[in-house]
Structures are given as C-alpha cells and as structure tokens.
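Take a look at the structure below.
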Amino acid sequence: MTVNILSVLGQMAFLLLMAPLVNGVIKKAKALTQCRRGPGILQSYFDIVKFLRRDPVVSVQTSWITLLTPLVCLGAYLAAGSIIPLWDHRGIVFGDLIAFTYLFALARFFLGLAGLEPGSAFGGMGASREMMIATLVEPVMVLGLFGLVLTAGSTDLGALAGAGWNPAGALSFIGLMIVTVAETGRIPVDNPDTHLELTMVHEAMLLEYAGRQLGFLHWAAMLKQLVLLALLVHLFWPQPTGIPVAAALGLIAAKVTALGLGLALTESVLAKMRLFRLPELMAGGAAFCLLAVLSNSIM
Amino acid sequence: MLYLLLLIPALTAVACFLPLNTRWWERFNVVGSILTGTAALYISLQTLQAGSPLWPGRFLMVDQLSAVLVFIIGVIGTICCLYTVTYLRADRANGEMDSRKTGWFFGLVQLFVGTMYLAVLADNLGVMWVAIEGTTIVSALLVGFYGTRTSLEAAWKYIIICTVGIAFAMLGIILTFHAARGVLGAEEISLSWRFLYPVASSLNPNLMKLAFVFVLVGYGTKAGLFPMHTWLPDAHSQAPSPVSALLSGVLLNCAIYAIIRFHLLASATGDFSGRLLVLFGIMSMVGALPFILVQKDIKRLLAYSSVEHIGIIVLGVGLGGTLGYTGALLHMVNHALGKSVLFLSAGTLTQSYHSKLIPRIKGIGQLLPITSAIFMASLLAIGGSPPFGLFISELNVATRGFEASGPVLGFIFLMVVAVVFTGMIYFAGKMYFSNLPSRFPRGERFSAAHALMLLPICLLVLQGVYMPGMVQSMLSKVVSYMIAGGVN
Amino acid sequence: MAGLQEKLLFIALILYLSGAVLPLMFRRSTSMSLLLGCCPGVAAGALGLALGLWGMLYPDPLVINLGYILPGVELGILIDRLAGFFLATISMIAALASLYSIGYMKMYVKENLAWWSFCYNLFVLSMSLVVIVNNTVVFLIFWELMTLASYFLVTFEYRHQQVRKAGFGYIVMTHLGTVFIISAFFILSGGGDWGFADLAARSESLSATTKSLVFACALIGFGTKAGVVPLHLWLPSAHPAAPSNVSAVMSGVMLKTAIYGMIRVIIDLLGPGPAWWGGLVLAVGIVSAIVGVLYALMEHDLKRLLAFHSVENIGIILMGLGAGMIFYSWSMPVPAAIAVAAGLFHVLNHAIFKSLLFLGAGSVYYATRTRDIEELGGLIHKMPQTAVLFLVGAVSISAIPPFNGFASEYQIYQSLLALSLAKVSGFWSAAGVLACAALALTGALAAACFVKAFGVSFLARPRSQKAAGASEAPPVMRIGMAPLAVLCLALGLIPQVVMNSLLGVAAQIVPGPDLPPLPGAFNLSLALLLAVIIAALAGLANLPGGRARRTETWGCGIVTDASMEYTAASFSQPVRRVYRFILQPKREVSTDYSLLPYFNYRMHFEERIKSVIRDFLYKPLREFTIALSKKWRCIQCGNINLYLGYIFVTLIILLVWVR
Amino acid sequence: MTEVLAFVFLMAGLLMLSGRIVVKNITLLAIQSAALSGIAFYLGFAGSEISWHMMFMGGLTLAVKVIVLPMLLYRTAIRVVVYREVPLSIGMGPSLLIGVLLVALTYVYIVPVLLIEIHSQTMLFPVALSTVLLGCFFMVSRRSAFNQIIGIIEMENGLFLCALAVTGGMPLIIELGIFFDLLVGAIVMGIMTHKIRGTFDTLDTKELSRLKG
C-alpha cells in the first residue's frame, strides 16, 4: 500500500517536474525552426518560480471560485496524469479512459467559470470559445480513444497499453494528434503566445489572473500538454516490459519530447485558423477516428 | 304502480295549466317532480334488484333495460324540473320571459317528462312510437317557447325533421308486426316486447333487416345519429337550458333505448343490425368532431358533443358483448348525468353573461366561482377524463372495439375522443383561464341549484373510481339480460 | 410483515388526501392552508420512501388486493422492485419539494393556495399510485389524474398569456399521447383482462408484428410524456410555466413515470423483442439528448433552459435502456441487466440534480422575481449558500467527476461499449462507439450550457436592479435543497452501492442468472486523490504568506460596468454559429443613422433561433385540421330541405345496400 | 277495385310533385285520402264478414282527412300563405323524374327483391311504400313550411295504407293512437306556421336558415 502511494506520488512529481521542460523544449524547437534563438530550455521553470513568488491580485467581483480554479485545474490534470500507468501497473485504480476524459472536463468547467467571473469582456469571450471548442474536441477524442478500446476490449488504461500499435491505430493516432493540438491550445487552433484579443482563447480566460495563481494555471497548461502526450505515447508507442523504472522514465521522457518536437514542427509550418473554420479541422480528425473505428469494428 | 309515473306528471301538468300565480305553479312543479322522481327511483331500483320484469300491465312493463332508463329519467328529470324554478326566476328577472307563461312552461316540461316515461315503460311497439312522437310535439313547443326568430326556426326544424324520421320508424314497426304476426298471430301481443323476444330467432330475417333499416333511420333521427342529427344543435342551442338538458340528457337516450330494443330483436337473426350500428356510431363520432373543434356557441358545442357521445353509445351497443353492452349502458347513464349538469351550468353562465358566444364569456372563474367549478368538472367529465365515470365506460367500449374488430377501430375511437377532449378543454381554458371584464360583479353564494348540480357530479365520480358491488351486480344482470336477447 | 407495509401505505395515502382536502377547509388563512398542504406531503413522502426502499431491496413483492372497484377492474397494489425504486424516487423528491414549498409558496399569498395544495397533493398521490398499481385501467385512471392535476398546476398563474398557451399545449399533447398508451395496453390485452399479469401472460402468444405495434404505441405514448424529440414540444413551455417547486417535481419525477411505463410495458410485459426495438430507442435517445441540450444552450430563461436539459437527460436514460433492450434481444441477460440498471441509475440521479437545480432556480426567482439570466449576475455574493447548492447541481448534470451525473453516465458509457465489444456485428460495434461519441458531445454541450447558466446568473456584476437587490432565500428552502446536494456527491462517491441494488431491480425485469455484485468503482479513490492534491496545493499556495489583493477588473483603462460583461447570448453565439444546421439562427441587424448621416447613432441586433420541429411538423398539422373542420361545417348550412334530404338519401342508400 | 283506388292514390302523390300551387296540393291530398278511405271500406266489405275495424278506420279517415283537415289547411293557406306559388328547392322536371324513379325503385327493387313474402300477398304495399317515399321527397323539394305539413300528411297516408296492406290493420287502439298523435302534430305545426308567418312574414324555409355550423 505504502509502496503504491509512494509510486503515485513519484509519478505526480515526475509529471510536475517534467512538464515545464517539455514545454521549454517545444518553445526552443519552435524558435529554431523560425530562425530565432529563443529562450532557454529551462525558461518555463524560471517563469513558474517567478510567478509563484508573487502574491495574487484578483478582481473585486470575484469569489472563492476564482481562488479555487487554479488548484482544481492543476489537481484535475495531476489526477489524469496519475491515471496513466507510466511504469508497471499499480494497485490503486484512480480511473480509466472515461475518467481521464472527464477530468479534463472538470478543469475546463472551472476555468470557464473563472473566465466569466471578473466580468471583463475578454474572460467571457475566452470562456465561450473554449467551451465551443470543447464541444468539438471531446466527441473526436472519445471516438479516437474508444476506437482503441474496440481492440483492447477494456477501458482500463493498463490493458490499453500499446493498443494503437496496429494499422488502424495509425488512423486514430492522426485523429488524436489533432485533438491534442486543439486541447493544448496550439496553432492552428489557438496561439499560446498571443495576447491579441481576436485570437485569444486560453489566455483570455487567464487575463485577470496574476501572481501565484497565474503560475499555477500556466503550470497546469504545461501539465495538460505533457499528460496528453504521455497518453499518446502510452497508447501508440508501447514500452518494452520488464525494464527498471528509471529506464522506463527515461524512455517516456524521450518519447514525449519527440512527440513534442513533432507538435512544434506542425505548429510552425501551419498558420492560425479562423475560429469558425475549426469545425472543418475537427471533422477531419473525426473522419480519421471514424475510419479507425469502422476498420476495428468490421474486423 | 307504473301508471303512477304517468299520472303524477300529467296531473302536475294540469295543475300548472290552471290560471294561478307563479308561486303556486312553482309549488306544484316542485312537489310533482319530487314525487315522480322518488317513484321512478323506487321502481327502477326494485326492478334492477329483482333482475326480472315487474308490474306487467297491458301496455306497460318495466324490465331491467327500461329500469335503467327510468333511473336516468328519474334523476335527470327531477333535477331539471327543480332547476327550472331558479332558471325561470332568473329569466323573469332578466325580463326574458313573461311571468304569465311560466305556468305553461312548467306544465309542458312535466308533460315532456311524462311522455318520456311512457316511451320507456311502453311494452308495445305502437305505444312506444306514439310516446316518442308525443315527446317531439311537446318538446318542440318548449324549444320554441321564447318565440324569437331563432327559437322558432329551431323548433320548426326539430318538429319537421323528427316527424319525418318517426314516420319511417312506423314503417319499420309495421314490417315487424307483419313478421311477428306469422308467429304470434294478429293480436296486440305480436307488438309486445315481452312476447316478441322469446320468438325473436324465428322471425323472418329479411323483414327484420328492412324493418331495422327503417327503425334505425327513424329513431336514429330522434337520437341524433350523424347524417340525421341536423335538428339537434339548433334545438339544443335555442331551447331554455333546462329543456336542453332534458333533450340531451334524457330524450336522446329514449330514442337510443328504442333502437337498442329493436337491435335486440333483430340481432337474433343475424349481425346485420350490429354492423349498421357500428357504422353509424363511428360516423356520428367522426362527423361531429370538426364542429366541436371550430365552434363559437357554447350550447352548440355541447350539442355536438352529445352527437359524439350518442355515437359512442350506439357503437358500444353495435359491438355488443359484455364489454360493449356494459360500456354502452354505463355511458348512457354517465353521459346523461354529465351532459345535463353541463347544460344547466352553461345555462347559468349564458344567463349571467347574456350571451351564448364563447369569446364573450370570459373569466367565469372570477364571476361565478362555484358554478364555474361545477362547469369545469362536468366538462372534464364529458371530455372523458378520470376520475369521472365516462372514462371507464369509454374504456369499456374501446376495449370491446379492440377485441371485436382489431386495432384500427379502437384507435380511431380513442383518437376521436381525445381530439374532442382537446377541443373542449381549449374552449374551457378560454372561458375559465381568462380575465373577467371589469363591468361584472364578482362572487356568488352557494345555493340549492348548486347542490342540485353537484349531485350528479358526485355520482359520476363514484362511477369513475369506486362502484359498489351491488351496483356492479345490477349492471351485470342487465348486461346478461341484453346478451340473452331480452329473455330472462 | 406485509401488514405493516399495508398500514404504512394507507397512512401515506390518507396523509396525501388530507393534504389535498384540509387546506380547502382552512382557505381563509393562507399560511394555515399552506402548512396544512405541505407538511402532510413531507410526512407521506418519507413513508413512501421507506415503503419504496423496502420494496426495492426486499426480494418478494408486496401485493395488496382491494377487490373489484369497477366492473371487471380489480384494484391491486403491487410493489415489486421496479415499482419500489420508482416509488422511492418519487416520494423522496416530492417530500423535499413539499418542504421547500412551505417557504416558496409564500410568494403566491395573493393566489388561491388551497387550490394549489389540492392539485399538488393529488398530483403527487397519483404519481405514487401510478407506479404501484397492477391493473392497466387503474394505471390509466391515475395516469390521467396525474396529467390533469399537473395541468391545473401548470396553469396556476393563468393570468399570463403564455402560461395558458403552455398549459393547453401540455394537456393536448399528453392526452393524445395517452391515446397511444391505451392502444398499446388494449392491443396487448385484446380483451377484458386488464391486469398486468394477464397482459404478460398473453404477450407470449402474440405475433411479432402485433408486438412491434404494441412497442411502437408504447414508445410514442410514453415518449410524449417523457418528452423525447420530436414529441417534446410541450415540455420546455409547460415546466417553466408552473411554480418552480412544481416544475422540480414535474421535471424530476413526473417524466420518470413515463420511463417506468416504458420499462413496464416494453421490457417487462413484452419481453425480448427484435434488436431494432433497442436500436430505435437508442437512436431516439441520442437525438433527444443532442437536440435537447443544443436548444438548452440557446435559452436565456433559467427554467426553460433546465426544462430542455430534462429532454437531454431523458435521452441519456433512453440510451441506457436501449442498450439494455438490445442485449435482451441478443439474450445476454447480464449486460442487459447492467445497462438497464445504468439507465435506472441515471433516472435516480437526474431526479436528484434536476429537482435541485429547479429548486435553485426557484430560489433565484424568489429573490429576484426574474428568470431571465441576462438580468441576473453577482448572486454568489448575495445568496452564497444557494449558489453553492446550484453549483453542485450544475456540476452533477454536466457529468463531471466525482459527482453522481458522472457516475451514471460512466455506467452508460460502459454499456454502450459493451454493445460494441459484444462483436455481434460490425454495425452494432460501430454503433456503440458512435453512441459514446454522441454522449460525449452531449456532455460537452451540457458543460458549456451550465458554465453559461451559472457563470452569467451567479458570477460577475449584477446586470439589473432586481439582481442587485437580491438576498438569501429563507432557510426552509435551503433546507429543502441541501439533502439533494449531499446526495449528488454521495451517489457520485459510492455509485457501486446504488448500482448493486439497482442490479437487483434490473434482474427482476430481465430474468437471467443472478449477477455478481459490481466491484467497488474508482470514484471514491479518485475523489480522495483530487481532494488531497487540491488541499496540498492550497497549502502550498499560501506558503510564502500574503493574501490576495483586491482591485477593480482591468477594462483596458476604463472603469468596467455591468453593461460590458459578456452576456448569455454572446456566450452561446459560437455554438449557435457552429451548430447552425440544427438551430437555424436568423439574425437581424438594423442601424439607425437618424442623428448623423455617416455615423450610426443606434444599432439593433437580434438573433433568434427557429424551432424546426414546431414550424415544419406541428404548425402545418394544426392549421390543416382547423381548415378542414371549417370546410366540414358547411354541411350544417341551415337549410331544412337539405336536412330532410340527408335523411332521405341515407334511407335510400341503406335500402339499396341492405342486400 | 282496390287496384283502381291504389292507382288514384299513387297518381295523387305523383301529381303533387308536379304542382306548384298550394291549393291544388291540398285538393290532391284530399283526393288521396279519399282513395285511402275507399280502400279501407272496400277491404272492410270484401271479407267474408264485415270487418268493423276497417270500416271504422275508413270512416275516420274520411271524416278527418278528407273533410276536416283539408278544410283547415285550405283556410290556413288562404290566410297564411304569401305566394300562391310555392318556391321549389328542386326544379319541377327533376323532381317529377326523381318521383317516378322512386316509384320504380319501390316496384322493381325494394318490394320484389327485399320483401318477396309481402309482394306475393298484395300489390298495395308498393303503392304505400312509394307514397311514403314520395311524401318525404315532396318535403325535400318544397321550400314552403306549409307544404311540409302537406308532405307529412301524405306520408301518413302512405303509412296507413301500409298498415292496411301488410297487416290488415294494426290493433285498433294503436292505430287510433297513431292517428291522433299525427293529427295533434299537424295541428301544432299549423300553429307554428302561424307564428313563423307572424315573425318572418314568410313561410319560405330559405328564411329559416340562421342557425348554421
């Protein structure tokens, strides 16, 4: 039991510490592809530390919801991350694929409320856009993930390890990559680096946040990205079994970074889409996932 | 014993025709109608208990079937006669009726009731015919009583159409007599139900078919079956409300009663009559439906709903079987109770709004809380919604429909009933859930008239949720009697 | 043993009746009649809850036979597990709603409160009896009584035009639906035997087509009452029209009686049918869920919004039942039982959080006298406890862990996936996953909708004086809502307990091998994990000391006010635009250049969505009927010769036709 | 003998359809009733012993329908009827044609096909039946309230002939009841025509069409 708890804590710590690194790598790679020097790989760590030092400043309109939201977001993503068995599967079950999906919904729900709370137009805009995008993303995500369940036969993530390692899996992989792009708020869906109100989605909701809470929210965003990448790795790029924990961690880190580089590349070759063109993009993703589902269910 | 039922109304009528003042006439009327009512209830309950014909006379007889009708007339007739008093007072107050004519009115109403008793007590086809024609004549005078253009028109249509119909019925009777004469010999007994039913199966089927066609057209006109119903809305809408209540609550049932009698006779030799009844029943229901959906005049609305309900009864009779007959009988009673109350309360409404037009009658809930509550209750009852009895009787008929002739008939039946309900609830909503024009005084006090109208409602609720075992056994006796073809 | 239950039952009935009748006697004093109307309801509800739980958990059913009340109609009370479950749900919600009403109905002291409590108690009484009688005729009697009572409750504030309209639409549609229910029963019984037992006995001997006919009739009939698309039209107008406590009961449990009817007739009486039955139910469920939630997202009337969510949740319930029916037709009793249990679980959960939300909306209305969320805002400061309760409901209905909405939707997901994993055919495998995707879409839309509902009405600045002047609802109302909120969390934490007892219920309907109890789900541990993390982070957040500093919201340099806030309309605009193929939005922008030729002085923007179903299905039907009736009237043209002609022609035709 | 009377009876009925003039119709009605009573008398005598029942009915018919009623109608007609010529709802030619068709229907179809038994016994029955139908059609085709009374009496004649032909007379008391019943009916109608004339200034039933729908 204690071992289980320790391993859970370990995995959380790993994710928490890993997330800024991956983000930094992606930023760096993006900068390089755009022929910029760009910030250092560890820059995200410095940002977070800086934010965490500062006391928060909140709007007078706000209530406990604004104060709670950053914690909920970080907690939800951590929990989601701790569901993925990064190394040999553990005793305590925190959930499965469905719980994983809905933990994201939990975070999004509170983020949306927090966006509305200060009563500034930006926050509301961000919240409404975020929610709209979610209505497009979640079905595709479920479609892609449950297409894999058809092969694995269970929604348990342990059983799902490497379920996508087959031709049909390739299709769902593409679909889920598109989902990941949308969820992590990257180009062509959203631009994480902008503060231009026409294009903001995620940042708009954070606009009223400052200091420690902003730090938490940034951290949560990075964590979300890492967790999604880790899930993809877990599903499509199975680990060799029977290797020591350290090696497994190293492998995971490597694979996740590789995927992140992929993300960076796509981001820098694509251009930002208009908000109302998104349904077409998501339809594309849905099409891939649907193909995967069909091929799985016919076979 | 039975002659009492004819004598009391006749005497009361004569007394009311005497040139006295209103107070006396009212007294005569009240006393007479109460006496008649008690006698009628006594007779009918006795017969239903005994489950066999009682007091056989030369021309009069009461068996289970007619006992049901006597019950109906007893209850409704008495209530309407008593209600007439308050109604006429209101009319005189509005100056719509000259107080010298009230005596005539009471007398005619009493005569009307008397003729109806005769019609249901008659053991002889001829006497029954005479009685029913008599009801036409008397009630035509009542319909035209106000003497306005519209009421005269209604009365004229009523008397002409019904007389023509009745004439055809006479043909049917003659044919029946001919058919029976071969079996029973040419005396009165070959016109007497008592003697006809035992030999019903040995009558000539062809003659009976043709006779039934004539009788159906004839008495069907009087009962208001669909293509012949045309007099009904006019007469009901123009007559004074108590008379409308009597017409729709009792008179139609008397005509139906005659049809049922002949049906029992004819059904012994083939199911032709049954099929005909089913056809006319459905036609009446469907035919009356559109008029109910787009109607401005409240009393015409009720009249058309009577056509529809007559259709239901006839359908139940035509379908036959335990369920069919049970449904039909129950529906006769329930419809009589509900519809008469509905007409009476609607009469109060029209009197206090001085208009029959639904758009003019607004906010009845605020003007007349008690009357409008009664009105709504009886309207829901007539619409066929629980906890009132009509729901049960309609369910019986519907079940029989599903049982006898497949889903289609039953579904049409249910659909028509439901759509009629929607129509009525629509107009009820318009009248009840609306704001009262400010010019009216509000509120009313509970009076004897309300008690009169509440009585049938209570009966209906009782019929709808709990029927005592005694009543059930009576009913089953009647039904078995009908299934046996009128033979004990 | 059974004697006790009988006594309890009769006591409950008498309590309801007294609650209906006594206020009429004490109508002089409103407070007196209010208390007399509500308190018996609370007590009777508690009794009913006990009875229902007993019937649900105790293996052999409670049967009380009351003899023949009408010719051929034998009244019997049958509380088996299914009936027990529904009785418990209904009674629980009704009891809490009655408690809440003590405070809420004070708003209506001017109205006829005695009449209200008469209808209300009769309504609850008939609802409770509908699910426990074992005879179709009695069932229909109480079914219609329920409709009638609720009709008078809906038209309680009849002075408003739209309330009258709503009531009329409600009674008409449900009454027409009842026609189908009756047809279903009588096609099934096909004769004078009206007992459920007779029907069940007869259903074996029926042909497949007849069974399908019964199924179709039952689906249409009960579907109308349950408000499945496209028969839902009455629902979003009728539920808001009623007082909120009544809407809570209507939306929370009255719709469930229809679900009960479906289960009873389609699954219990008819037994396993072809797979397309389940498929149809599943499809209907999906359509209802998505359409319902989309329209809900477009609503700015808090109660209409909730009403549309009832359509959505009924759809979700039907998805579970449909999956169960499909398994049943494949004769896989175990997954069938699990799927049906999942549906029942959602029935319970929806009853809880929907009534919680409606009561919350009622408190908001009580405090602000408005239901338009564009006029609300900032209520979380004015009425903090109500806000928390409402938030709990909102989170639960959005199926967010660890609350009960998530728990039941999780089970439904599992059943739908089991549908695919059964590998019966490629079609069903694909269908299962697609249904899951539809459910996910529904969840996302619901979340969006409640972010809007809660965020706009409770957060940020008050948008009107009404909202600014609000104050916390009276304690009795909050007390009425609190248990529901607690249940939302509790059922979410330990779903397996409920699921296991519901599996017993389902096993009674879908006979099969006795099921293994479900393993303890992960919800509890997940919740604990979340709690721990959040607590830890909260500690961490305050580590370096220092509290949050308060300042004005940054408005690009100008002082923001309520008029600059994001409105509900603007919040839902992206969704409206993305899903325009369903919602058919029409926008009108008019600019007024009256002041200056070039600079517009005032702009008017209006965007309304079109109810496709009403415009293309119901309106033409109604107009056609009316036109036809008007045509038909001409046969009664007042000409006596014509009338005589009718008789004459009829006679001639009959004479010719005789032979 | 009966054949001749029956022929007169039927012809009177047909001719009524062709007549627009009220007075003429009344005369025809009287003739028809006369023929009826004649038949009654004949049947009364024809039998081996005299049937007083028939005699009585014949006499009654003669007294009431040939003398009293026509006189009354004549008086009323003079006083009440506005136009001498009656407005028609169906044209003269068509109505005659339909009348003939009705007679044909009775003769060819109803009686021989449906009622073989009666057909075999007497030839009066078709006459009677067709007269009833003719009377009804007469009422359909005339737009005057007054002629509708005439039509009813004609139908009544037909009924009596039916009773005579088919059953050789119903029981006496019944027949009396029927007789006086219809008499009262006719009188009440007469009173009503007075009232209508008083209120509407016409007897044209076209005016009596306020109650619609």
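Think of it as A, B, C and D in the order they're written, each chain with its own count starting at 1.
Throughout what follows, a contact is a pair of C-beta atoms (placed from the backbone, for glycine too) under 8 Å apart; a residue touches a chain by one contact, two chains touch by 3 or more.
These numbers come from a predicted model, not from an experiment.
Taking the mean of each chain's C-alpha atoms as its centre, the chain lying closest to the overall protein C-alpha centroid is C. Across the assembly, the chain pair joined by the most C-beta contact pairs is A-C.
Note on chain placement: the centre of subunit C and the centre of subunit D lie 69 Å apart, centres being C-alpha means. Rounded to a whole number, the gap between the C-alpha centres of subunit B and subunit C is 43 angstrom.
For the pair subunit B and subunit D, the distance between mean C-alpha positions equals 31 Å.
Distance from the subunit A centre to the subunit B centre is 78 Å, each centre being the mean of its Cα atoms. Touching two or more other chains at once are residues 156-157, 160, 164, 168, 209-210, 233, 291, 294 of subunit B.
Multi-chain contact residues of subunit C (touching two or more other chains) are listed as 633, 636, 640, 644, 647, 651, 655, 658.
Touching two or more other chains at once is no residue of subunit A. Contacts between chains, counted with the stated touch criterion, involve the pairs A-C, B-C, B-D, C-D. Against subunit C, in their complex, subunit B makes its touches with residues 156-157, 160-161, 164-165, 168, 209-210, 213-214, 216-217, 221, 227-228, 230-231, 233, 272, 276, 289-291, 293-294, 322-323, 326, 330, 380, 385-387, 391-392, 395-396, 398-399, 402-403, 407, 410-411, 414-415, 417-419, 421-422, 425-426, 429, 432-435, 464-467, 469, 472, 475-476.
Within the complex, the subunit C residues that touch subunit D are 633, 636-642, 644-645, 647-648, 651-652, 655-656, 658-659.
Touching subunit C in their complex are the following residues of subunit D: 89, 105, 109-110, 113-114, 133, 136-137, 139-143, 148, 205-206, 208-213. Listing the residues of subunit A that touch subunit C in their complex gives 8, 12, 52-53, 55-61, 63, 65, 67-68, 70-72, 74-76, 78-79, 82, 92-96, 98-99, 101-103, 105-106, 108-109, 112-113, 115-121, 123-125, 127-129, 131-132, 134-143, 146-147, 149-150, 153, 155, 207-208, 212-213, 216, 275-276, 278-279, 293-294, 296-298. The part of subunit C that touches subunit A in the complex is made up of residues 377-378, 380-381, 384, 395, 398-401, 406, 410, 413-414, 417, 420-421, 426-427, 429-430, 433-434, 436-441, 443-445, 447-448, 450-452, 454-456, 459-461, 522, 525-526, 529-530, 533-534, 537-538, 541, 544, 546-555, 560, 562, 564-566, 570-575, 577-578.
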